[in-house]
Amino acid sequence: MVNAGIVGVTGFAGEQILEILLRHPQVRISILCSHRDKAQPIADFLPRFKKRLELVCYPLDAQAIANKADLFFLALPHTVSMDVVPVLIRNKRRVIDLSADYRLRDTRVYEKFYSHPHRDKIGLSLAVYGLPELNREKIKNAQLVANPGCYPTCAILALAPILSCCLDSFCLDTIIIDAKSGVTGAGRKVVEELLFTQVNEDFKAYKVNTHQHMPEIDQELSKIAGKRIKTTFVPHLLPLNRGILETIYLKKDPAKRLKVESLHKLYKNFYKTEPFVRIRPEGEFPRLRDVVGTNFCDLGIYEQKDLVIIIGAIDNLLKGASGQAVQNMNIMCGFTEEMGLR
Amino acid sequence: MVNAGIVGVTGFAGEQILEILLRHPQVRISILCSHRDKAQPIADFLPRFKKRLELVCYPLDAQAIANKADLFFLALPHTVSMDVVPVLIRNKRRVIDLSADYRLRDTRVYEKFYSHPHRDKIGLSLAVYGLPELNREKIKNAQLVANPGCYPTCAILALAPILSCCLDSFCLDTIIIDAKSGVTGAGRKVVEELLFTQVNEDFKAYKVNTHQHMPEIDQELSKIAGKRIKTTFVPHLLPLNRGILETIYLKKDPAKRLKVESLHKLYKNFYKTEPFVRIRPEGEFPRLRDVVGTNFCDLGIYEQKDLVIIIGAIDNLLKGASGQAVQNMNIMCGFTEEMGLR
Amino acid sequence: MVNAGIVGVTGFAGEQILEILLRHPQVRISILCSHRDKAQPIADFLPRFKKRLELVCYPLDAQAIANKADLFFLALPHTVSMDVVPVLIRNKRRVIDLSADYRLRDTRVYEKFYSHPHRDKIGLSLAVYGLPELNREKIKNAQLVANPGCYPTCAILALAPILSCCLDSFCLDTIIIDAKSGVTGAGRKVVEELLFTQVNEDFKAYKVNTHQHMPEIDQELSKIAGKRIKTTFVPHLLPLNRGILETIYLKKDPAKRLKVESLHKLYKNFYKTEPFVRIRPEGEFPRLRDVVGTNFCDLGIYEQKDLVIIIGAIDNLLKGASGQAVQNMNIMCGFTEEMGLR
Amino acid sequence: MVNAGIVGVTGFAGEQILEILLRHPQVRISILCSHRDKAQPIADFLPRFKKRLELVCYPLDAQAIANKADLFFLALPHTVSMDVVPVLIRNKRRVIDLSADYRLRDTRVYEKFYSHPHRDKIGLSLAVYGLPELNREKIKNAQLVANPGCYPTCAILALAPILSCCLDSFCLDTIIIDAKSGVTGAGRKVVEELLFTQVNEDFKAYKVNTHQHMPEIDQELSKIAGKRIKTTFVPHLLPLNRGILETIYLKKDPAKRLKVESLHKLYKNFYKTEPFVRIRPEGEFPRLRDVVGTNFCDLGIYEQKDLVIIIGAIDNLLKGASGQAVQNMNIMCGFTEEMGLR
């Protein structure tokens, strides 16, 4: 049993963590905070929770809450997290941070893509990148987990088998990630471009090859490959609430033979024991409706003589954020990894 | 040929007037204005119009533009119009105002529902309520037309035949208007409740029996009936861009016989010569897809022993706003009423 | 612990029951059936369930499955259920039937609205109408539960307090139910009118005052009122997946004083101990997003001198079908009523 | 003035041609046909057209209609067109065929991708590929125009400048077209996968690198390039009604210098005089809402050291089908190319 706190519970990711923890048999929710000015029952902010829980949501005061839970989920905007994390860490709490503040190892890259100086290099040195499929052992004992971004989760899971097992057979300068995300990916920001009338019946690319998740993808892929990887990344906005689908294109190196019998078998094998990665049968591909509402990442593989296409799909609020955060908590606390997530 | 100006061209209604006038064979668009700070090609604000027209959009200065057109469409927020109208009227221009500022005869009602004092009682005394099907003759020579609200247009057209021809057979204290509107009805306001993630896959009632269009409906229905009519009006927000559908319930007076053979025939006959009202065959009812993109109001009638249901549908931006405004212009200028609207 | 079977698991309601039972701590899913020709892993039909359960889905053969479970959920089309129920009943199984086959007491009404003769009058005599808030005691020992329709669930819960406690103060000949439903309400039928291009950006009324749920509503309301109630019922199709919202209008009898201090208090009190009915604060009204994904029915009350408006909202697949079915099972088996539904 | 016939008027493309021709000042619609069994007013099938036109829609009989118009639009399913075209051609009529039957020069390719033998090689030898921006001169005098597919229109316009002017600087074995289309692209087929509940809130790839538009794209690009081009083409289904957006990736040949100063300038220049192609300013990219409802193709260009991204957007029913068909008619008849399309 763990006492867990959710900081930033009124955003999409925080609300989703709350939904999951309510069903988790080993969690007692001991504190809820948000940026609201005064303490109020959480159901006042989120009427969905009326008659479901009686908890009060408090204004955020890191020092005051530090002793209210053993483990904290921080679902705060980027740059806000790094003011809260040091306080909790000093108080010996374990933290799963869903912001980008502890994901990028190089603070210059952080500062370039988030337009903000980094103020917590000590925290950064403690942080473990919380992608269980690749970092399970480190997550177990981590004090601070940097929960991955939604686009990176899908891209890294889609590319890890190739980069781990047969990167020599590919032209690594041509990894193209054409990504499409539902609107909850942008959070609850009240801006014109997220109005219903601006998004409904529309579709567009945005931040073409300049999105802040691109360096995160490149950093983690480079770690797997053992050499510098630079992808091309174009995100698009889908007129729907939840889900990310990425269509990823790689070129085989024409001079090399592929070392594995079939990529499909490689992927099946690579993720054989993973509870939350599913490989679609040959000739079939993921779709959002199969993953939305679940913590799964579905992958489909198309292989041609000179080209490979990997299609991945996740629910951006679950495997791409809150579900993965709870998966990390389960690992940190020694619970079954699927607990509360099935 | 008329020189027309559009003031407030960057809102939904203004943009829609521009779309229509571009195809209108008797109109020269002579001036465009908006609330933006500086003069710029309109296609900078509305990229849809690139390569279609070269016009510049100017900041709004009523005095400066007064001599730039013969007739002005004002697509401005409520309370802004009444600062502009007096200047244009003094300069002998004709004006079609799409705001609510000149629709309500009683300024106390206006002040109650729009929370703002009324500053132009002279203008109000000149204004003609611009519903062509009922006020065509007055519109012809009007200097100032108050273009009806979207909900009222649909409700009044749906109820006018009964209130004109057989109101004695109905319980006039029970007229229930259950209205549903797409999101463009709320304009381009950047507020949380109009975000995609708040509207998509949701549906709700709002301003239950307190909506500002209710007194407008009651005022016009009372005028038709020759006695005070007080409706019940509940609007709902649909997760779609365009269209209003109203389901209207009336009770027959059990003590009276209906004077007409069939309400369906009454409606067919009442609107026989109207270019923009269509009566659905018996047993069939309007749907949004048949009216969206057109200036039509479709009506369906269901009649029972004790109850009558009238269902009406319009495109809120066309018959409910800009299409009707152009229809009014056609009448004012002596053009064919359908010109530019088919 | 109960062994439960789901018959018709590949339809929307059956799939939803499966989702719920997977999380239910007191249920072992012992048999799955559908109309498919051959036995196959359920995840072949519903890829969402890959890596989540290994069960096989069998072709439907009532006799062959009768001993495979203690309690059966039948999520079959109308008229198919009544061939399966008698077999299961003869084998002493308990049955929760989600079709309309056992809801209407009068087989002539059934035959009129479902265009089909009724073939199981014995079953009908056993059936208990499974609305827990009104029939909890009878459900406890029922062998056959007729799970209510989606529209009726919302309408009956919205009207029960008034009909139970102060029907004399209302004109009972004027109960108008303006209902709006998402598309899953129509099931997985492959017909033109349910194509994406026919429903998206559209809205319409259908089966105006002739819908097959209307006699079910009238039957149950009459039972509560102790006198014949005849409502007006107009359903509409919303361009969204899940949810029903009903806006219900009642007239007070002008000659009578309302016996209760406030309807809002009456409703609060009437449903005080109910786990799945929530009353919105005064001046607030339900919206779909608060109930979708939950088993709640949310109600809002608007009271005027002469008129009352009740707005109710449910998830049509949960409280309107599968959630309510599991709630009924919990009652029948003596489990906590919320088990698996929070 | 031309007498035009529309064959297949009740499909999406035929209905859209009708909408356009109603506003076209130089067209008299002289005959409408569809696959329906008997002659009936077109407004019976398409209620949108009530009170707008009185025309009757006849069952399709090629011989009987051949003398009813000078020019025919055929909006028929693939393989049906090639039974009708020979009859009209023998009768010296001009034909714009919107099916795929006359687009592919190589009948073996047609037979492979459309699973059907080709029965009209004479017609094929007459057919001109109707992409005005590339084939304007041939279209002028064509008797039979094969109107391009929707995906190919967007892809070819997006790639023509590079393939025409600087193909040597690119790796032509790596042209990746990641395409996304709204649901009207699939026509009015009544199949489960096009149901609202299957498409709404979903997104998926389909026919990965096997879509029947891929050989059409390759054929036309090869013609432009003067050498065999083989693209990678992955279409996806968007949960919206209208619009295609394609994100196209090309690799520069690292050994070559780009011959042009900037690709953006190349594109601006290449399409300078085209009425229906617009180049977005540098750093900006197309979105569906700017092209839906118009005949424009919008293009955006992103250029990096080693990679180029071209994003194109069209309305699949206008520039991708019916709008382009009317554009072709305007060219064939010597009308202004924009007539009826602005």
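By written order: A, B, C and D. Residues from 1 in each chain.
Note that in this section a residue touches a chain if its C-beta (ideal position, glycine included) is under 8 Å from a C-beta of that chain, and two chains touch if they have at least 3 such contacts.
Model, not experiment: these values are computed from the prediction.
Set side by side, the interfaces B-C and C-D show unequal numbers of C-beta pairs in contact, with more at B-C. A centroid comparison over C-alpha atoms places C as the chain most distant from chain D.
Rounded to a whole number, the gap between the C-alpha centres of chain A and chain C is 37 angstrom. Once the centre of each chain is set as its mean CA position, chain C and chain D turn out to be 47 Å apart.
Per-chain Cα centroids separate chain B from chain C by 40 Å. Among all residues of chain B, those that touch two or more other chains are 198, 200-201, 239-241, 289. Interface residues of chain C facing chain B in the complex, by the touch rule stated above, are 173-174, 176, 178, 180, 198, 200-206, 208-209, 232, 234, 236, 238-243, 245, 247, 249, 251, 285-289, 292, 300, 302, 304, 306-307, 309, 311. Chain contact summary for the complex, chain D toward chain C: residues 12, 183-184, 188, 190-192, 194-201, 239-241. Put simply, chain C touches chain A in their complex at residues 22-23, 47-48, 50-52, 201, 275-276, 278, 280, 289-291, 294, 296, 342.
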